[in-house]
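Heads up, the thing below is written out as structure tokens.
Labels run A, B, C, D and E following the written order; every chain starts at residue 1.
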Amino acid sequence: MTRFIKKNKQHIGLPPDELIFRGQKKIDQVLLRIIDFDSTNLTEDYVKTVKEISEFQHKNTVTWINVDGLHNTSIMEEITSAFNLDTLVMAEVLNTEARPRVIEYDNCTLITIKMLQNDDNSNKTIVENLSLILTKSVLISFQERKGDVFEPVRERIRKQKKRIRNGGTDYLTFALLDIVVDNYLYVISLLGEKIETLEETLLLNPNQKIINEINNYKRELNFLRKSIKPAKEMIFSLAKLDSDYIGESTHVHYKELEDNISQANDASDDYREILSDQLNIYHTTISSKLNDIMKFLTVFSVIFIPLTFIAGIYGTNFEYVPELSYKYSYFIMWGLMIVIAVIMLLFFKNKKWF
Amino acid sequence: MTRFIKKNKQHIGLPPDELIFRGQKKIDQVLLRIIDFDSTNLTEDYVKTVKEISEFQHKNTVTWINVDGLHNTSIMEEITSAFNLDTLVMAEVLNTEARPRVIEYDNCTLITIKMLQNDDNSNKTIVENLSLILTKSVLISFQERKGDVFEPVRERIRKQKKRIRNGGTDYLTFALLDIVVDNYLYVISLLGEKIETLEETLLLNPNQKIINEINNYKRELNFLRKSIKPAKEMIFSLAKLDSDYIGESTHVHYKELEDNISQANDASDDYREILSDQLNIYHTTISSKLNDIMKFLTVFSVIFIPLTFIAGIYGTNFEYVPELSYKYSYFIMWGLMIVIAVIMLLFFKNKKWF
Amino acid sequence: MTRFIKKNKQHIGLPPDELIFRGQKKIDQVLLRIIDFDSTNLTEDYVKTVKEISEFQHKNTVTWINVDGLHNTSIMEEITSAFNLDTLVMAEVLNTEARPRVIEYDNCTLITIKMLQNDDNSNKTIVENLSLILTKSVLISFQERKGDVFEPVRERIRKQKKRIRNGGTDYLTFALLDIVVDNYLYVISLLGEKIETLEETLLLNPNQKIINEINNYKRELNFLRKSIKPAKEMIFSLAKLDSDYIGESTHVHYKELEDNISQANDASDDYREILSDQLNIYHTTISSKLNDIMKFLTVFSVIFIPLTFIAGIYGTNFEYVPELSYKYSYFIMWGLMIVIAVIMLLFFKNKKWF
Amino acid sequence: MTRFIKKNKQHIGLPPDELIFRGQKKIDQVLLRIIDFDSTNLTEDYVKTVKEISEFQHKNTVTWINVDGLHNTSIMEEITSAFNLDTLVMAEVLNTEARPRVIEYDNCTLITIKMLQNDDNSNKTIVENLSLILTKSVLISFQERKGDVFEPVRERIRKQKKRIRNGGTDYLTFALLDIVVDNYLYVISLLGEKIETLEETLLLNPNQKIINEINNYKRELNFLRKSIKPAKEMIFSLAKLDSDYIGESTHVHYKELEDNISQANDASDDYREILSDQLNIYHTTISSKLNDIMKFLTVFSVIFIPLTFIAGIYGTNFEYVPELSYKYSYFIMWGLMIVIAVIMLLFFKNKKWF
Amino acid sequence: MTRFIKKNKQHIGLPPDELIFRGQKKIDQVLLRIIDFDSTNLTEDYVKTVKEISEFQHKNTVTWINVDGLHNTSIMEEITSAFNLDTLVMAEVLNTEARPRVIEYDNCTLITIKMLQNDDNSNKTIVENLSLILTKSVLISFQERKGDVFEPVRERIRKQKKRIRNGGTDYLTFALLDIVVDNYLYVISLLGEKIETLEETLLLNPNQKIINEINNYKRELNFLRKSIKPAKEMIFSLAKLDSDYIGESTHVHYKELEDNISQANDASDDYREILSDQLNIYHTTISSKLNDIMKFLTVFSVIFIPLTFIAGIYGTNFEYVPELSYKYSYFIMWGLMIVIAVIMLLFFKNKKWF
């Protein structure tokens, strides 16, 4: 299964406004949740039908509709017509494999971004496509699975935190994107911790497993970068966007988003370089160790080769080998061997081979 | 045969408006197909002569003329004069080795792009130059071979899908380019699947074949990138173009094209880096395995070298070697050898060589 | 502990104006110091309560308030309300893990930057987040620990150096940032000295320790770059900023800051490349030495292998080996061996193996 | 001789308008050729003196003066005064080592570019500096050697090809630059063919010669890139230039030039990467083969080392070695040796060493 | 001693207008030289005191004051007050470790750049900081040592070369910078010659010394790049500068400066890549040679190992070894050995190991 890009042959040539869910079904039933508030009032509810939602759009309050699960195309169609959206917009929402993007339509702004979360059980990173449809008074957020990642925002709304209760849909959008980007930072910081731990053991005990780990971290990092880099582009173009639905007053917040996503992006770049450096260091260490091994073998071989040769000489069965009959020949041989060995050792010592 | 760039010496210095087909003939006969439609009516036909086409250009409808095969220069000349085009335009269409480009002429816009398709039989990627001549009411598309890649668009026209039947030539152009870019994504995703599969077997069983595969994938990727990178440039300049023939209403679609081609481009960049990483990992793994081999050889040699030396000593034929005549000498020698071997083994154990 | 990025899971989803100190407590008690001056008068004092400070803000003088230690949230809140700041501003000040940034608020400009200092005792680099809140007549600087790094500026103020006593808060800001950037240059120059010293010993005596040192310097450099690169971005955007609180007359100074931070950044880039080059050179040297080792072993082995073989031949116990009984056989064998050895030596000499 | 940059110490500090020929003399005598034309008339001639040329400049026709050979400074001075040029312009023409550039002067535009041609005899690439002085009605082209590279353009002029006979000096300039750029493409395509051929033999039969070839191609490519990269810059700045001497109508042609030079530049970038990849692949292949060699040596040694040791044991001359006197000892030894060898083989088989 | 960046701890926190000479004293006494000229008159003199100079500034002529040596702070102060300069300007002049820069002050423009010169005696590159203070009628140039590098310009002034005698201080500035940049080109071309010579011997005779040379050239190149890269930035920003002291008429000259510094910069980039390629090629060559060495050792060992083993077998002293007593055993053994050796040789031949 390809991870980096997935393109289904069946989807080539489809009209851009065809409502086809192109992802994997990650939740059984579509969940519709609504939070409607202004600075004084608050309504929060799970709803069953789109009709119940649509009446909120003409109120003067801020309405946040959260849709968990995208696979039920008929519900999507209902939302499309209830809020008078272009089918193009909803088709984009369903296209979960697309690149993070901001598109301004006639009566709304669409923002899509990948959400990265660390699953505390499996310790794996989960990716999910988040789409936000932003109008003057309504924010519709679409998630692929039932998620409680935005719970802190709901909490802040409930607790009547001033800024969020007085802000419009643009501030709410910022609050959601802020959580997404904070999760980027969190996920990278977890990976980074592993990478920096590896660095410390790299030089102490280099072994084959380290290559596996470096490789795994590279893959994971590539995977994160694939989401973070276009998200950065998206957020920068969002901050520059002259949208009707994003007010002046939230600009300072979008500036902060820019800084945070830049930090995430920088960190992913840095870790990428660190991993490359680690592989290099490892390779050089390995080569250095090979030298030590070969020096060891060479010293050992070179000392014994002439000694064994000498023993071989006096193991020959020639009838006339004068040395064999002298009484002290054997001891002289030993003496000679020791002298040769010592000279060799001094030679290698001099060459700084050990 | 060079793949990356092909320049025929004979073509140097030709006037830019000389109608010479510079590619390879990939189809026997030029095919002319016409689809003429507005929101209510639809005419679809294969035609034999250019005359039959030319009458459509003054109607108020959208006319899509599809020309398969470029080698028949006389037909090209007829089209040129029938639609009152600059010969420069047609010369560009015939120059199939050129870089993807958008050029605005006085009475038309020319768009050229490379089409990449996966041939399902041979599993190879086929490249073809696609040229689009865009005027207010006529779109002429030129393909090098008979292709059914645009069939989904024809289908949408036939099925009276609103957007395409109400759109102009600019929307039609978008629809065709969209298919081209979707095919980029598809072709890359196929290659990417192979690359990511390779990654999994890289560390388990590194062998010479992997270098071949990495090399092949690199070549294939270079080949794709050669088409995708300038296509990206072209599409971005197209989106910025202030053309008479591309209306405001299609801007949102061209934005999507930009995103898709960026995704294709990013993916090709990512896979490129992954392949480089794989080669690095492979090289480091190989070096690491060499260390293991040499450690093995060294341990084995270093243990046996002194033992064989001792045996050699007592194989000498000196007349007076005192040890030879002691009754237990042979067993003492064995004992000594075992002690040496054990010391050696402990030494290597201590060095963590195994 | 991760160094490059640190993100606490508890902080995800907090409102941007929540006053939470996100760093480590590095000082016991918050220190408030005040310097108030114009060209003629000077007041300098340590104060205990925020009230004592707040009265200075309406005077016509320049007031510099230095806050050492950020952990006491209630003092921060007092400052916030005393100077009528947005809580967002103070939340940024407390967020010491954030990226260096300039943000313009309604009634102030916030500048944050990492301070790098060389601790002369441990010879390690200390990082600290510096935040500056700049209004027309007040500059509030926040440091994480009690620091005397700005003492030279205080000295200049006391000594009635004209420029600083006549300048506004913008000039004072420049003076502080100038010290921060000068410390960057100083810290890099210290590291650079070590790196360039390493270079000299790299080729003379390559050994495993050099990899450790290269790796350590890389880590240290990465660590510095992490602060310097975004600081450069920040200073360039600061110089371009059309702020109410930064006057025309200080532009020439901000230009100088740009040059200095660029110099620091260039130097860090250069040292990065030098370290990579060093690792490459080291790896190549190691490989080159391995060739020498293997040449040595090969020459030695290849000369003795056939000699030992010959000795082995005449050590066989066949009953009929004609050579054994000739009187001069033993000496002929020696002659033959010497001839073989000389031929081998000439062969290797010819191959330039030694 | 340096190829990449050549700077004569004597030329440092010369005034910019000093007419000194700084290149090598590549032709014996300066050749002056003139082609004067409008849509109906054509004069073509070799002339001896500058006087004969100067009268053409006030006619309403397009006059193309081709100067082959730059070493005769007095002729250059005559041209300078005949056409009332700034001496700066002519000094630039004579400075053949300079970077390709476009400079607008008061009464002319100067364009310089390197011409790359493949010499079909030696199969080497020849470089030559081409300078074009462009005024309203006169184009003076300066070449270092007698060249027939522009013959196709002359042919087109003679054959009364409409576009070129109706165009002005700007169209003529385009036609010449087009040939230069086409030659870039041709030269690169020739080199590219060699590089892609190399790729095919790289994995089949890696040997030392391949390094030489890769190195040679790298050098050649560097050499080409040195001309192509600044030429690209030059052509892009030319296309953006708001010159009096380049009319609106030729903009579409300059756009094509941009595309072609970009294609040349892309191809040179691509080949550069391919060569780097090839060297990497080669290095990895070599390392992989080394593993095979060492495995082979290790397997062979490790099998025979204990066998030879055993034989050595029973070659000792101890008086009391019980095994020696048993009748079947010799055969038992053989059996033992075979068992050891088989166990070893199975061990290596299990380790997948062969 | 660090070369890339030097920061004295004592200088941190100094006011920007403190006149402290931060470099090394490179000349004993400060030399003041004056050249005052217009198109007709010329005064040239060495002066002792600043007073003698200051009277020139109100004349209508162009005055070029050359100051060799910066260590005498009191002279610097005199110049500052004589020409009514901001002390900031002079502080910049004395800060010889700073980055090349252009700064516009109220009544002057300051230009600083590093001068690189090849010392013909030691064949080393000398660096020196050049500062130019440019006003309407006065140009003050500051050098660190007594230099005659600008002698050609003085010569041109003396010889009444029109352009320089009629030009203003801006043209004079160009003339000086032109010499500086020409020296860059010269210094690089000298280094380049060495690098390209190295390339030719790289493949013929690779040895350890080559690593040293590559490393030395890398260091030298890094050193040059450190001056050239910021100089390029400086010159480009100078050309874009809307200064009161740089007239329209010199723009064409500054364009040329841009081209020349770009050429120097490109060349340094190119050589950098060539050196990296050389190291790569060298490393690969070394690895390739190691394969040859190991093949040689393996072939030799593998042929003799079984032969020596066989000889060992028949050197055993078993009482009953049937082969020993056959008369032709010895010759059969030789035959067997030869057969084994030939088979081995054919095997390796087949494997293309030699």
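Please note the rule applied: a residue touches a chain if its C-beta (ideal position, glycine included) is under 8 Å from a C-beta of that chain, and two chains touch if they have at least 3 such contacts.
For reference, the UniProt names are A, B, C, D, E = Magnesium transport protein CorA.
Computed from a predicted model, the values in this text were never measured in an experiment.
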| item | value |
| --- | --- |
| For chain B and chain D, chains touching each | none |
| Steps in the shortest chain-to-chain touch route ending at chain D and beginning at chain C | 2 |
| Proportion of interface numbers common to chain A and chain C (over half same, under half different) | different |
| Between chain C and chain E, centroid-to-centroid distance (C-alpha), Å | 25 |
| Separation of mean Cα positions, chain E and chain B [Å, integer] | 41 |
| Multi-chain contact residues (two or more partners), chain D | 283, 287, 289-290, 294, 297, 301, 308, 312, 315-317, 321 |
| Touch-based graph of the chains, sorted into line, ring, star, complete or other | ring |
| Ring path (origin chain A; first step to chain C) | A, C, E, D, B |
| Residue numbers on chain A that touch chain C, as the complex places them | 149-153, 155-156, 161, 163-164, 175, 178-179, 182-183, 185-186, 188-189, 192-193, 196, 199, 202-203, 252-253, 255-256, 259-260, 262-264, 266-267, 270-271, 273-274, 277, 280-281, 283-285, 287-291, 294-295, 297-298, 301-302, 305-306, 308-309, 312-313, 315-322 |
| Chain B residues touching chain D - in the complex, by the definition given at the top | 1-7, 9, 11-17, 88, 92, 98-99, 101, 103-105, 207-208, 211-212, 214-215, 218-219, 222, 225-226, 229-230, 279, 282-283, 286-287, 289-290, 293-294, 296-297, 300-301, 304, 307-308, 311-312, 314-317, 321, 323-325, 327-330, 333 |
